[in-house]
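Both of the next two complexes hold chain A, though its partner changes from chain B to chain C.
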Partner chain A sequence: MTVFSLIIINKAGGLIYQREFQPGLRKLSTNDYLVLAGTFHGVHAITRTITPKLPLATASTTATTPTSSTIPSTPGTPTPPTPASAFTFPNPGIPATGLESLETDKFRLTCFQTLTGTKFLLFTDPMMGNIDVVMKKVYELYSDYVMKNPFYQLEMPVRCEAFDRHLAGWLRGRT
Partner chain B sequence: MAQPARHSAMPSVSNNAQNHSTASDKQHPPQQIQHIANTGLRVPSNRKTIYDRHLNRSRNAELSRASFAFLFAEMVTYAQRRVTGIQDLEKRLNEQGYPLGLRLLDLLYYRTISSSTSSSLSSSSTSAAPPNRPLRILPLLHLIHGPLWRLLFNRPADALEHSVSPDTPNEYMITDNDPLVNTYISVPKEMSMLNCAAFVAGIIEGVCDGCGFEAKVTAHNQPTEMWPGRTIFLVRFGESVMEREKVLERAGIK
Partner chain C sequence: MVVYSFYIFDRHAECIYKRRWVPRPPSIIGKSSRPTSESSSTPNALPPVLGQSARTTDDDAKLIFGTVFSLRNMVRKLGGEDDSFVTYRTSQYKLHYYETPTNIKFVMLTDIKSPSMRIALQQIYINLYVEYVVKNPLSPVEHPGGVGVNNELFEESLEQFVTRVLS
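The block that comes next holds the complex of A and B.
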């Protein structure tokens, strides 16, 4: 159960938060962290475009065409199937995800992208499980102590003492 | 049944001119209700405005903490526009809270009186007089420390102290270990003196003034290891209040 460090990347690929919780990884210079954030952002975007989206879509259209061809024969209700297929077809709830994890002998990097485009990168022990629980809590703390803070400017580096405090406190409580 | 009649009578004055030309059938009342909604006065579909509700209805109601946090964050951002410094910002937050305190006081009295009469009816024997407004400083501070804090934050404040210094007998301190308004706020280092609970200080000031105790209330950070957000509300009563306090003490009024 070791979480080495956390990185938060904003929508534009800029590094807005970097913090080490437990020693175990070598430190990078600030500049390298910025490069890492930018590079990861780019790679993530490319891997997202690689993700195939079509099969699900064609399957749903082929599935709906027979039904829609049968329904017009019955008089009165030709309209309902068309909006239904238009809704299920591009599923807005599940966007194409890019790179989700990278693994080496010594650590695993897990990426979580929020619906608004902010990315959370966790460096953990490769043997560690339940990373999504940690990720969820980090996201929760971020939306509480960063987004509800009137002194935080969107897309700018996160300097919220309450966020640091609660994050450290929660991670300490888990180990 | 008088209420709906009043509501539907209002638009008929303003809208009948245009309605007369078109309206020959009797299908109009629903359209008129629509019109009320368009004139700016918002009336819910059941036509009960907040003035029609009983004041004690929301007595035990709870508010979403998140929506309050976002609202308060917006208030702080609003107060921050065109301020000259931290003191100015705190003054503005204080001014936002002040009218709230003045109004809250009446609600607080109303609720404590109505609840105490109902409880005295049930217990009957004690014949407890309804609570008067506080005349001396200490009852006022207890009112703030207990009932007001419970009304606002659902718990009493954490401490109430009198200044130990003989030079400032008019200073009292109310401590809150973790003020609700500051839960999600981290003040940047360059503004470390700022405490957004100045808004709550404004509410307290309003309550004191409403009771007839002229006072200045300020909020100060006093973090401890255990409570990083500990805040002290310093209540400074005016000269006139202290003089009256002495007179009342001699007269033996509690």
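The block that comes next holds the complex of A and C.
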């Protein structure tokens, strides 16, 4: 398994952590990483807004995928007018999120957004599985060594030696 | 699998074709066997919802172009000039992307359970777009406002491709 790099973006779209673990991606300048973080923050928000909206009358009858064949239709009766806001998402049980995983020919980008809006971007090999395990561990280490660090200022760049050390150590142990 | 929408963007960043498939009751589908793009709001479909969606489809196309353009540039920066992004997934949908060497961009939104659609988009380009749009002697070289793309043959074969091959 190959983890290329990790990026952490704060809730305002600022880059607060960037680290490369294994070569594979092209190196960018610090400025480019800042631009990338800001761009991704915006794109992430847009990907949530372009979620396809399905008219509620056809989709509310089924809890799963609203295929048109599963709908008990009443032919002849005109559909009652619904307010303009009557729509549902394809997976009604889950709230709409932004981009979660992006695949390219050379890498896979997995994005995990915490409840507070911090985004963790993990760049891995496209063939690699179990990314959520890695992501969970990264979040755990972040909680333990960044958030519990009394000298860390929220939303500011992460400069915690213990976080660096444990992250590198854990990833090395897995490969 | 379910296909929600399909877009073509030309090299001037203009949306030259867009098509949405809104799941509808079977009674309506049987009646309009060949729905035309964007005018598929049959009288007994939901007028307010479709009215709202008709207003935002242009905006949606622009947002989608902005998204794929930004992501494509990001991916090229990180993975090198020959890298291209194939698909991304959110909790609700999956977006598939294919770009031809002439910078025509094909975008398709499907449900998250669908497999990779790169081959399908490539087939749409090769078998439908090239055959019915590029080889059409009456079609202009550029397609401002979608002129030449929204011809009957292309629409019909796209409809068939999506309903028969992909589902």
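FYI, the second predicted complex is superposed on the first by the 131 of 175 C-alpha atoms of A that agree within 3 Å, B and C clash if a C-alpha of one lies under 4 Å from a C-alpha of the other, contacts with A are read in each partner's own complex, and residues count from 1 in each chain.
Just so it is clear, a contact is a pair of C-beta atoms (placed from the backbone, for glycine too) under 8 Å apart; a residue touches a chain by one contact, two chains touch by 3 or more.
None of the values given here were measured: they were computed from a predicted structure.
More residues of chain A are touched by C (comparison of chain B with chain C).
In the superposed model, A:Lys148 makes contact with chain B only, not with chain C.
Within the superposed three-chain model, A:Arg172 lies out of touch with both chain B and chain C [touch as defined at top]. Look at A:Phe107: by the touch rule set out above, it reaches chain C but stays clear of chain B. Residue contacts after overlaying the shared chain place A:Leu99 against chain C, while chain B stays out of touching range. In the superposed model, A:Leu28 lies in contact with chain C only, and not with chain B.
Once the two complexes are laid over each other on the shared chain, residue contacts for A:Arg19 go to neither chain B nor chain C. Of the two partner chains, chain C is the only one that A:Ile46 touches; chain B does not reach it.
On the chain C side of its complex with chain A, the touching residues are 2, 4-5, 22-27, 29, 44-53, 60, 63-64, 66-67, 70-71, 74-75, 77-80, 82-93, 95, 109, 111-113. Chain A meets chain B in the complex at residues 144-145, 148-151, 159-163, 165.
By the touch criterion stated above, chain A contacts chain C in their complex at residues 25-26, 28, 32, 36, 39-40, 42-43, 46-59, 65-69, 71, 73, 75-76, 78-79, 81-84, 86-87, 89-91, 94-107, 123. Those residues of chain B whose C-beta lies close enough to touch chain A in the complex are 66, 69-70, 72-74, 76-77, 80, 184-189, 191, 196, 228.
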